[in-house]
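Next, two complexes with subunit A in common: one pairs it with subunit B, the other with subunit C.
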Partner chain A sequence: MTDEDIRSVLRDELGRIAPEIDFDRLDPSVDLREQADLDSMDVLNLLTALHQRLGVDIPESKAAALATVDAVVAYISSRRSGL
Partner chain B sequence: MAEFLMPSLGADMEAGTLVEWLVKPGDVVKRGDIVAVVETQKGAIEIEIFDAGVVEQLRVQPGATVPVGTPLALLRGEAEAAPARPTSPEPVAPTVAPPTAAPAPVAVAPAPLSTPAGLPGERFKASPAARRRARELGVDLAIVAAGPDGIIEVADVEAAMPEMTPQAVKPRFDFAEMRAAIAAAMSRSKREIPHYYLSDTIDMAAAEAWLARVNGDRPPARRLLTGVLFVKAVARAAETYPEFNGLFVDGVFRPASAVHVGLAIALRGGGLAAPAIHDTADLDLDALMSRTRDLVARVREGRFRSSEIADPTITVSSMGDRGVEVLFGVIYPPQVAIVGFGKVVRRPWIVDGSVTPRPVVTVTLAADHRVSDGHRGGLFLAEIGRLLQTPEAL
Partner chain C sequence: MSWPVIRKSDADRAAANLRDYDAETAAFTWKTARAELAGLPGGGLNIAHEALDRHVAAGHGDRTALRWIGRDDTVRDFSYADLTKQANRFASLLRSLGVKPGDRVYAVLGRIPELYIAALGTLKAGAVFTPLFSAFGPEPLQARMEIGEANILVTTEALYHRKVEAWRDAIPSLGHVLLVGCPGAAPPRCIGLEAALASADPVLETAATRPEDMALLHFTSGTTGRPKGAVHVHEAVVAHHVTGHTALDLRPGDIYWCTADPGWVTGTSYGIISPLTNGVTLVVDEAEFDAERWRRILGEQKVTVWYTAPTAVRMLMKAWDSDPRPYDLPALRFMASVGEPLNPEAVLWSVEAFGRPFHDNWWQTETGGIMIANFASMDIKPGSMGRPLPGVTAGIVERAADGSVSEALEPMALGELALRPGWPSIMRGYLHEEERFRKCFAGGWYLSGDLAMRDADGYYWFVGRADDVIKSAGHLIGPFEVESVLMEHPAVAEAAVIGLPDPISGETVKAYVALRAGFEAGEPLRRDILGHARKRLGPAVAPRDVAFRQNLPKTRSGKLMRRLLKARELGLPEGDLSTLESEER
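On to the complex of A and B.
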């Protein structure tokens, strides 16, 4: 799975939560919660979907650090490649 | 024979538009089943039935707008003799009164934009379950490829989901209508209810530590949010202080026998709803979390149930972790109290004589002075704070 695949899943799942957001116009280095106006339930739903679709563990202790598109992609990519 | 009537979903509701039937003649229904979807000022509401029995006849066609109290369907009680119920799924013409000049389904007016496709009478052949699923997902049946027999099934609807652009998922709200409903309720509240306001600060260290421990080894699907602790603590405290839990109707306060917390849920793009989580005080935290998750998801899709609109006995509004520190609520009439939580913040706090950084939250109460006084309000808030010190016991 490439980073682009991960980004595509993220685009998909964010689209369900925040349909009005244009994913391609998000700044991948800026906090997603602020850019897409996500509350804690939205974030939890997003993590749940990523966990279920990609099979990657996302411990609670890591969740707060996964605030940007770049951070999510890097984390999932590293976990999937077993690094 | 019982009549199923267009329900009143609030004092300001005069009429509703039947969007969809979820039952057909011959179906067996029990109390609490969702039988129809009705469009109101508050959005599309799933209507539950209060009687058990067999659907005898549907008297109003989808698309029709009728006054509150209009019989929508006839229901035969379980005890009543069944008049030779047809076994075929297509019921034959009812043997009792013929439909009262109901318009043919094809005469349904063009669906308003806020209504999803998938209403009976359209040109798409789809199973009832598929139509329901399409409605849940906001999938337009026009883009769904039917199965080999030309009939759209649930799987076809779900298969069409990933191909939809996000824009194709339409919320089922008319935001102007919702704004008008909020305006009416809040104007009435400020006109009629003499609010008083109290505020307190709660140490959240124990609750945060407990949540971190519980969530630590759980997958995201089973984690708890801080807001669930708030809701549970309010519900428990409201059992002890009943003058904050109930309705003020016709000049009299009627305490409620159970606590149904109305949870204020903000909608994307503006607007707000505060539907009930039934019997909040009796749910353990996991059950409350899953009910909350379900409710938030449904409300944001524009699907809530009639009893969820009608039943709240006290409101909780929680700012979440990106909000502000203090929230002053406006009571949702005819309720008599609203409890507000700001975001949890880190502040210098004195613990055992020393200043130390500590997570704290500001809790507020807006309550109806016709029913209660500040002294009891203060005790109520203190009880909420006390309960949050032992989250494992919530």
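On to the complex of A and C.
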């Protein structure tokens, strides 16, 4: 699975939770909660959905560090390559 | 299932502010409590004077009032003298803009220093402060500014452009908009706050407010109708002050962290006023919830008293599952929680993780301050909200069909949690809603709308809401406000909104919609409706999910039967269906 594939799953799951967000206009290096109206529950739901789709366990203690598109993609990519 | 009682030791009792519950409750009077405050030099009472000037006059101006931690970990300290000066500048600015006592100053701000300065400065100017949650979407913001007839709005440039600018002219009362974060030229018809404050007079005589003058307007929600603006007066400071002492165990020298946002009543009563009147150092973190960050702040800031919410506690528990390192917090003395009942598992977990329990307490926007609490000196029955504060008389009442109420005295009788009016921070009205206000009282009781039980030891236990109001992440959400926005969507013919149990947030908002002819249910439309609701309402109020129905269950009079939707969703008994006319399909 390439980073682009992960990004596409992320786009889809974010679209399910917060469809009003235009994924392509997000700055991938900036905290999602700062550029869009997402709250902590949205972020938790997003990480849970990614876990279900990709089988990568994302510990809650990492949730805050994974608040940008880049960070999520990099984390999942590194965990999947270790599978 | 019964949970082990958490026993307090003699040492715990001896160290607590409230040591002997029965004796101090018997001896308590609000008049004595009032005498702990100074009052204005020329007579009268002003919340900000008690929070700030009183300490400066007593020689404590150099103590740290506010320690602000920015998202990027910048720390800014404000002493009581600094904060007084800044609040004076804000009040001077308001006066120079023609703001009169009683005018309404709204703040739509994240947790930044200007929010605290604006709150206290507004009170000093004798105006009324209304904080609104900055995660609200345009719809809740506009409704609340209309109802409360906002005269001044303080917000950031970014929030202004995103959420306010488009409908600003729909609020005829709105005079000036003050913007934080535009050091250069402010946008048209706005004033840059930083520059305006810098040139405002730091010396000011606090407005000569009387105890019954309106000070705060806090919005809350009912099942039907528009949001309600609960009116609070300067006299409320007596309750803010003394309940911080008894229920939160606050004392001078404490480092106190209230994680609530001042957009909600907890973040004002106990996130601004009570800690300052009690002379403590208030820690404010600008950032959103983050388990690792919270652990660090508690330790680095040597927090002694911590007041947070069940949703946050449960998120910490989740983080603990993957990272069960005990918290090493030798400075931490007292932990409290409010917003919705803290589940027994979470109370017991806190003992394991922190070496001390969370103390749950109960109150509402309407009560202005904590009414029922687990005290530092009192054994905790996990899951119970505790016992009434000194000065507060609570009861469990049953409403009869004719509207009369009677008290249920036998232990564990289920009824509505009610309070005898008379405490200083009880709301004085819902703004422009005399009828709805009147309905909150019967038989000499204030009726809370919460169902509860009282056990033989006098501990209260929350059972649920008596109405269809949803409690999510500690915030009340009125289904009608959400349904109204859903109805604005071109595809939606009717909408009903309920709260479903959620392991983290208590309840999560789910919407059911029936479609107009010509629209097809499916994922694209679900996303469109959800996106519409989130844009208009913001994530804190909008549904997390939307389900399609061909028809929603209604009574003969056309009232939505939200309860039935909920029972069916949860597989619970459907109850009395005699009034059901139009069946769900």
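As a working rule, the second predicted complex is superposed on the first by the 82 of 83 C-alpha atoms of A that agree within 3 Å, B and C clash if a C-alpha of one lies under 4 Å from a C-alpha of the other, contacts with A are read in each partner's own complex, and residues count from 1 in each chain.
Basically, a contact is a pair of C-beta atoms (placed from the backbone, for glycine too) under 8 Å apart; a residue touches a chain by one contact, two chains touch by 3 or more.
Quick caveat, the model's predicted, so the values are computed rather than measured.
When the two complexes are overlaid on their common chain A, residue A:E20 makes contact with subunit B and with subunit C alike. In the overlay built on the shared chain, the residue A:D12 is in contact with subunit B alone; subunit C does not reach it. When the two complexes are overlaid on their common chain A, residue A:H51 makes contact with subunit B while staying clear of subunit C.
In the superposed model, A:R80 lies in contact with neither subunit B nor subunit C. When both complexes are overlaid on chain A, the residue A:P59 reaches subunit B and subunit C alike. In the superposition on chain A, contact of A:D39 is made with both subunit B and subunit C. Touching of subunit A by both subunit B and subunit C, each in its own complex, is seen for residues 15-16, 18-20, 33, 37, 39-41, 44-45, 59-61, 63.
Residues 12, 15-16, 18-21, 33-34, 37, 39-41, 44-45, 47-48, 50-52, 57-61, 63 of subunit A are the ones touching subunit B in the complex. For subunit A in complex with subunit C, the residues that touch the partner chain are 15-20, 33, 37-42, 44-45, 59-65. Note for the complex: subunit B touches subunit A at residues 162, 166-167, 169, 212, 215-216, 218-221, 223, 225-227, 266, 268-269, 292-293, 296-297, 320-322. Residues 135, 137, 288-293, 311, 315, 318-319, 321-323, 473, 504-505, 508, 527-528, 530-532, 534-535, 538-540, 544 of subunit C are the ones that touch subunit A when the two sit in their complex.
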